[in-house]
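Look at the two complexes coming up: chain A is in both, with chain B in one and chain C in the other.
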Partner chain A sequence: MTQQTADQAAQADPAQGEQNAQALLAGPQSIVTVGVDLFADALVAQSVDVQRVDWRPPLGGTEAEVQKVLFDARRAEANATAISRVLATGAVLVDVRPASEALEMSPGMFFHAGPPITWERASGPLRGALMGAMLFEGLADSPEEAEKLLAAGQLRDGTPITLDSCHHHRAVGPMAGVISPGMWVFEIADPATGRSTFCSLNEGLGKVLRYGAYGPEVVDRLKWMSAVLGPLLQQAVQRRAGSSAGPIDIRSITAQMLQMGDEGHNRNRAGTMMLIRELIPELLELGAPANDVADVVRFCNGNDHFYLNLVMPACKLALDAGRDVPGSSLVVAMARNGTDFGIQVSGTGDQWFTGPAQIPDGLFLGDYGREDANPDIGDSAITETAGIGGFSMAAAPAIVAFVGGTAQLALSTTHRMYDITLAEHPIMQIPILGFRGAPTGIDVVSVVRTGILPQINTGMAGKVAGTGQVGAGLVNPPAECFVDAIKALAATIA
Partner chain B sequence: MSTQHVEVRRGHYHDSVTLLSVSRTVAAVDGIEAAQVAMATPLNLDVLEGMGFHLPALAPDDLVIALRFEDDLDDGDVETARSAALAAMEAALTRRDEPGETQQDPARTTGLALQRKPAPLVLISTPGASAGAEAWDALQAGSSVMLFSDNVSLDTEIALKQEAARRCLLVMGPDCGTAVVGGVGLGFANVVRPGPVSLVAASGTGAQQLLALLDAAGVGVRHCLGLGGRDLSADVGGLAAEQALRTLARDEGTELVVLVSKPADPAVVNRLDELAASLGLGVEWAVLGRSDEGFPDLTRAAERVCERLGVQVPVWPTWSPTANAAAHPTRDHEIPVPAPSSGDHEIPVPAPSGDDHEIPVQGGAGEPLLRGLFAGGTLCDEAMALAATQLGPVASNIPLDASWPKLDASGPSALKGALATAGHAFVDLGDDTMTVGRAHPMIDPSLRLEAIEEAARDARVRVILLDVVLGHGAHEDPAGVHAPVIRAAIDRATADGRALDVVVSLTGTAGDPQGRDASAEALAKAGAAVYLSNAEATRAAVALIRGESR
Partner chain C sequence: MTQQTADQAAQADPAQGEQNAQALLAGPQSIVTVGVDLFADALVAQSVDVQRVDWRPPLGGTEAEVQKVLFDARRAEANATAISRVLATGAVLVDVRPASEALEMSPGMFFHAGPPITWERASGPLRGALMGAMLFEGLADSPEEAEKLLAAGQLRDGTPITLDSCHHHRAVGPMAGVISPGMWVFEIADPATGRSTFCSLNEGLGKVLRYGAYGPEVVDRLKWMSAVLGPLLQQAVQRRAGSSAGPIDIRSITAQMLQMGDEGHNRNRAGTMMLIRELIPELLELGAPANDVADVVRFCNGNDHFYLNLVMPACKLALDAGRDVPGSSLVVAMARNGTDFGIQVSGTGDQWFTGPAQIPDGLFLGDYGREDANPDIGDSAITETAGIGGFSMAAAPAIVAFVGGTAQLALSTTHRMYDITLAEHPIMQIPILGFRGAPTGIDVVSVVRTGILPQINTGMAGKVAGTGQVGAGLVNPPAECFVDAIKALAATIA
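Here is the complex of A and B:
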């Protein structure tokens, strides 16, 4: 439902009722039928234009909860409020800062993707990334020592090691999503409210920390990113933000990339180029050593996913605006830690609804196969939660080769996502659909009623710690997240 | 070390996702152990080196084709595999999708269907637990609802009707079997000629009986708006009836409204009567109740409509049981009482055979019994009300009066047990408890066919009274499936040396797809006495019992 129709829904329109009665008594030209085919057939026999609903019972036997939530007097207005806040959120790049400072992190603190999880339940790639972060922070001398300390839950000096969700700290991270105090993070802000969110800097593809690799080349790259990349980006970003041009507009670049064949999750090539185009003049004028500037530009340019880490916090910024509206069934986060897939819903606060993360269908690098893949992992499903990524696959038809599909699959996937979303984004538009707005704002009720699960495009990490990326593909959340969410929503209604 | 093929094409760009798919195609070629077709990005170079390929210096814009052949190939096999692999690669790289139709999946909820294409009405027949959600979608989109589903809770019904009233929309139901709007029949609906009368019906089969009677009298019907059986209860308070009256008050073609209901709350009836008067709407009331308390039966209501419109009240058609000759409507003014079955009183009762000891001996102390086996709830109500004036309180799964014996009809087998010991009994086989997990008996008559067989085996039963309903939505040939079972029931009783009469109340019109007269004749030929008027059918059945008791 668009914002406009949601507003209309909140108030009755008796004139509409009279029009309805007229159309009805004049002999209904068309009738929607739901249920037994016999009645639809009888209407067809009377030459009525019949639209048959392809009805099925709601997921998980939640008939009572579906009705309770639908009938909730707060619902129409709550969803309209939540989604309009999401759609109104801007996103500009205001700073690049060390996580220790931006996220108030101290040694021994690690944030990770997905719902909260313990070391014991953590998957291979998350464990590998945590071990790599221990090595990067200088808290362990070997992967073995890192593993031992993480399992024991404390650093050498007895300081407790704490793991927590990025999402609990206004942050997101792709794949394992591990953020440690010494890493640098982008800060994205909403100009209207000043609210901000954070995301790590993207390391590139292959053997990288976020895919669970922790070898010396991974740690060396992270050290260079903190020593050279982060500080230079910080100066360039601050310089640009302070200029008459103002900060780089991430929402605007994201809208443009959708019109250039990217979907903002698994294709970020156009977005990356547009970002670099904005940064190069600032970098050149910093007076920094030319080889450092060249290394920074080469690094960003050589990584088609560099911009992903700006799309993600921009999406989180928008969705955070939709949080905590009582009665709203808007999904405000979908995130995976490699073991659990979790969602959060506007009307149920910070509660996570989880189910087992699935293994994506897709293509594998080199000799890797499905048996090498870890279940779904990463906060990057925040892009789908915000209506891009898999939801806007129609904008990036090349993506469908992941499942051996056709360009038609991309179109039909996006069409299907309109059936479970509350709005069409006024800024994020899909050219091939006549610049129709991206399907934005997943409604728990619609998912449960239609059985259509959100479509996510994703990378695949190796299940053994240290492996790195093994492929990429398409995946859905487990249905139980949405079943549990609607039960909890129903329980909030008197 | 197995043989490799590494080829570089400078400046041949292909999307990485396409190339992953191409690699998979090439790797599947016979003789190829592994294949990677990729742009020479740093990541891909790592992967290629990890696979054991030896590579020249490359730039990221270069396309690398790397093949590893299976170990035990001779040179000829390698060449065959190489050319097959390269051909497969070229084919995959130049593959073009046929730009086919983007077929949009059908809408999975009422809300989505209405978003795609608005419609003034939604007909809902999902399981009751889900019907509220679909109906809510319809109301939010500004569409009226016909709610056929049963097992919808009272709270849900009230919430839907309050929302509909707020939006000036109609909710016809729940458990609404019949409606006719603007000439379109919905659910179970009879084909009638258009005319000045509109029905507002809290009763599906009650409305159908009136449609059939008015059609036989030559009175046309404009609309029939359903309400659901509970609408005129104190709980629901006539919410849908009020909307229906307001809607019809704006309809220029409606001259007279007939309000049909099962027993209703008197305060609700009074309020609606006042509303109709204030709207300037002429209303004829056909609210069922104990006829000894002055409520008219449906036939009497149809006659009053005729009188009000200045139409001659007809003789309601009946068809006598005929063993051989074709039946034809009788036109007597007397209510014809079916002749007793041949052999009654005259043939001596045979002694029970040895293996028959469980069947009570015919002619014992028990009073001969009447079994009413109905598919239509209102027809059942009407028949009970009439029968009770002659026979006293009767047992039922939907008793009219709380003091009457209640049959346990929690399911088909409970009902069978309850009937085995009951006196005169009237069963509504279409009641909610009987239709959980099965179709309504007007669609699937199997439950009733079994009940007829069961009654024929019960030596105490003298008369079976049943309704057969025609029209859109009903079974395609109900007379055809009932006739042989009726015949067999009568034959069985005759063989057992007792009389069994079958009286059928047939609700249908000449225009119905099944054909009223053909259906009636088939039933009469099977040995049933057939009446268009449910009230007349009931009186005939009661007369048979009374004659027997005397």
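Here is the complex of A and C:
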């Protein structure tokens, strides 16, 4: 039973507590103990069958706020409204466009992952990605010049350099998440409402901009992506969207991924292949130069994470539908800029609740180790916010070879996430759990009451600008995000 | 522990039985009961902790033969030799060729699935497929004429019509498994030995020859497959095989499928996509007409079972390596012709042990029901013989939506198959079981001793010739195959 339905059941049946008490008193078969183990241990010593219930006080001493929010008359309906909007959101691939046009960006504007941050507080990989974007845009001739201009906050001609969160512009970006005007972005739309969201094109693994690398191979790849990949994908996507088959259904592919061992955050193999198989016939019939088409196919084929940048905006599109419902404790965004971890909550508008981003536990590439890793970074935790990624690891046990852990950990993680989520997704199903729906829609109240933090799996960037990827692992948000969020939610109650 | 290693352990430590007896006598904690439940039930009534061990006499009253085979001095080493040869076999896609050339077939020759059978004893779908093959080859002008010629056993010009098992010609075919000279076949080779095996190209689902349909759409599709699909695949496959990347590694793709929710018999989605992503760049650079290339891509893309016809010959290639080891009780083939289910065993050469094919339990398409289904048919049980398919359903819980059952059934089926197999495959791993190797190499002795029959999942053909597919489900071999096999094995012992 999800927290919401448990709460509803409790509200619907005020006699339930009394029944529970009766049940406890009635039988000598077993005793339920809550909290510290001293009493339970004493009973076990007397051969009494003990059911231990893991109870702890709410996170951060928020008893009063939790109580206030739990008794908020708006809460049950607000959460039902918010989550039902999330679950009802479709996602189709309607276009691929230059960011300058799609996101109305002009030279000197840069969007990045996570909550807003200044150059001064930016971590190494975010700085590296911004430097690379300056080079790609032709706004600097060397990494040193790029760094100097970014620190000074203006371009050579005096135009101000502005940094802002992707999330503030209907966009998301993995890892550093840097989007500059000359990059191309996917546009994903909800057919029912026409709302849309955007995400950059995935570059692959290793030395890539989003992991903070900015060398010539990074910049050259970005230039090819804007000159060849973006325009060819645009033609293929537009051709498909205008065909009788209609646009490629990203929600459907994402649901199928979960049947094929992907969880949509760090395993996107099946998703990438399903996307390519949809695009290939269009690409073949564009009349474009054969070697360009072959290059595009090879590039997408060679990068099993290509589909991540379609999952992410689809997740954002769904969660954006759940925003701004007064009284709702649904988390609508989790995002990290490499310094801060931030969340946004339906009932508290666009406010970010932040805490220090943590360093993941996981597996490292080559000779890299924990001391080389930057704290958690990227908008990709939007996948967990939407119930997939780390929340649906049970669907993708093979991911433990990439992020560490065991198959059992993958199963137990998903089971644990049901304790802090509002719904089981009707479309995103996990076969090994008997096609149970993915645990979807984090409830701030449940997180604070249980102390169970959302489980995110993630790539790890090197902490020194220019390094690139150093590993992948598992990480949680800092608890203070949820503590601050429940305080703010409580403050919205008259 | 596999049967083989259990046997070895028992042989290595003759004191084990004594220790077990001591353990039984030593403690009052629990009593192990074997066989009928009367004694166990009496103990439970006295509050004694009872461990029930499910024991039964060997299948078919074969106590003497089982004992003789178990004491065969050759057995442990013979099975170790046979299974290690199976596990060491590679599989790469080296060519696509006309069957006339690859299998040295001339007009009037037809190969089919399962053990050898005559026209008189052939079931509806096998008859339908043979009739369709006559039409495709231009040897008859109507289904009626085809049927008449097949029944008479000769072509219009008096050339004899011959039927033989695919398995007798290094080939396999799904369902009816009919191969005629004008069809094209994949050639899969073991790089270490150069040995190769063959399989027809997959037509898709529904009204197709292998399910016994022979209408004009079936024959037209086969003609296109021989005129366009086969030749283009041949060029792409040869081009790839001759490139620096080398031929496409079918064993590697098959191992990856198991990480992606396929089990390689009735789920081949990920495998099909991985094959296509390997072939696409080659197809693009052939210089072939763009519409033919687009048609080929669309055809392969539109058929999630396309890769089955590559898994099957790869499995046969591995199992053929385990043939003809004197004293080995390894099953090297399980195959059905729609009337008989047959197995072949390493220690008994090319002899078939047969029994009546069963009707699967499963899910039916549209208005079809059990009464429309033909008994079990096809060479595709070679996948289970090699440890995947029904044996690895734990890797593919979503398959239960196709063949019936629950995710729990998928898990428990794989667990049960470890009890009758000789090895855990070092390359074919099942993530949800902590990357445990697939249960590989059926041991006739273990089947007969435990009464656990191999679990096969399968498509179901309509029993009336011309119908096509009516469903998919789960089925077992008839026990008599294994009873007859152990008798024959025992007879090989001096």
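Keep this in mind: the second predicted complex is superposed on the first by the 437 of 494 C-alpha atoms of A that agree within 3 Å, B and C clash if a C-alpha of one lies under 4 Å from a C-alpha of the other, contacts with A are read in each partner's own complex, and residues count from 1 in each chain.
Throughout what follows, contacts are C-beta pairs under 8 Å (C-beta built on N, C-alpha and C of every residue); 3 or more make two chains touch, one makes a residue touch a chain.
Fair warning: this is a prediction, and the values are worked out from it, not measured in the lab.
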Practice item. Identify the partner contact of A:I276: answer first if only chain B is touched, second if only chain C is, both if each is, neither if none is. Key: second
Exercise for review: Could you tell me if A:T159 is touching chain B, chain C, both of them or neither one (first, second, both, neither)?
Suggested key: neither
Exercise for review: Figure out whether A:E285 sits in contact with chain B (first) or chain C (second), or with both, or with neither.
Suggested key: second
Check your understanding: So, does A:A398 touch the first partner chain B, the second partner chain C, both, or neither?
Key -> both
Practice item. Have a look at where A:M260 lands relative to chain B and chain C in the superposition and call it first, second, both or neither. Key: second
Check your understanding: Which of the two partners, first being chain B and second being chain C, lies in contact with A:R298: first, second, both, or neither?
Key -> second
Exercise for review: Scan A:Q408 for contacts with chain B and chain C and give back first, second, both or neither.
Suggested key: both
Exercise for review: Please work out whether A:S243 is in contact with chain B alone, chain C alone, both, or neither, and reply first, second, both or neither.
Suggested key: neither
Check your understanding: Which partner reaches more residues of chain A, chain B or chain C?
Key -> B
Exercise for review: Using the touch definition from the top, say if A:F435 reaches chain B (first), chain C (second), both or neither.
Suggested key: second
Check your understanding: For chain A, what residues appear in both contact lists, the one with chain B and the one with chain C?
Key -> 398, 401, 406-408, 411
Review point. For chain A, which residues are in contact with chain B within the complex?
Key: 1, 9, 12-14, 16-21, 23-28, 30-36, 38-40, 42-43, 45-46, 48, 51-58, 63-64, 66-67, 70-71, 76, 204-207, 266, 302, 363-367, 398-399, 401-402, 404, 406-408, 411-412, 415-416, 419, 446, 449-452, 469, 471-472
Study note, to complete from the structure: In the complex, chain B touches chain A at residues 15, 17-18, 20-21, 23-24, 34, 36, 41-43, 46-48, 50-51, 60, 97-110, 112-117, 119-127, 129-130, 132-134, 136-138, 140, 142-144, 148-149, 156, 159, 166-170, 181-187, 223, 247, 250-251, 439, 443, 472-473
Review point. Mind pulling up the chain C residues that touch chain A in the complex?
Key: 259-262, 269-270, 273-274, 276-277, 280-281, 284-285, 290, 293-294, 297-298, 301, 397-398, 400-401, 406-408, 411, 431-435
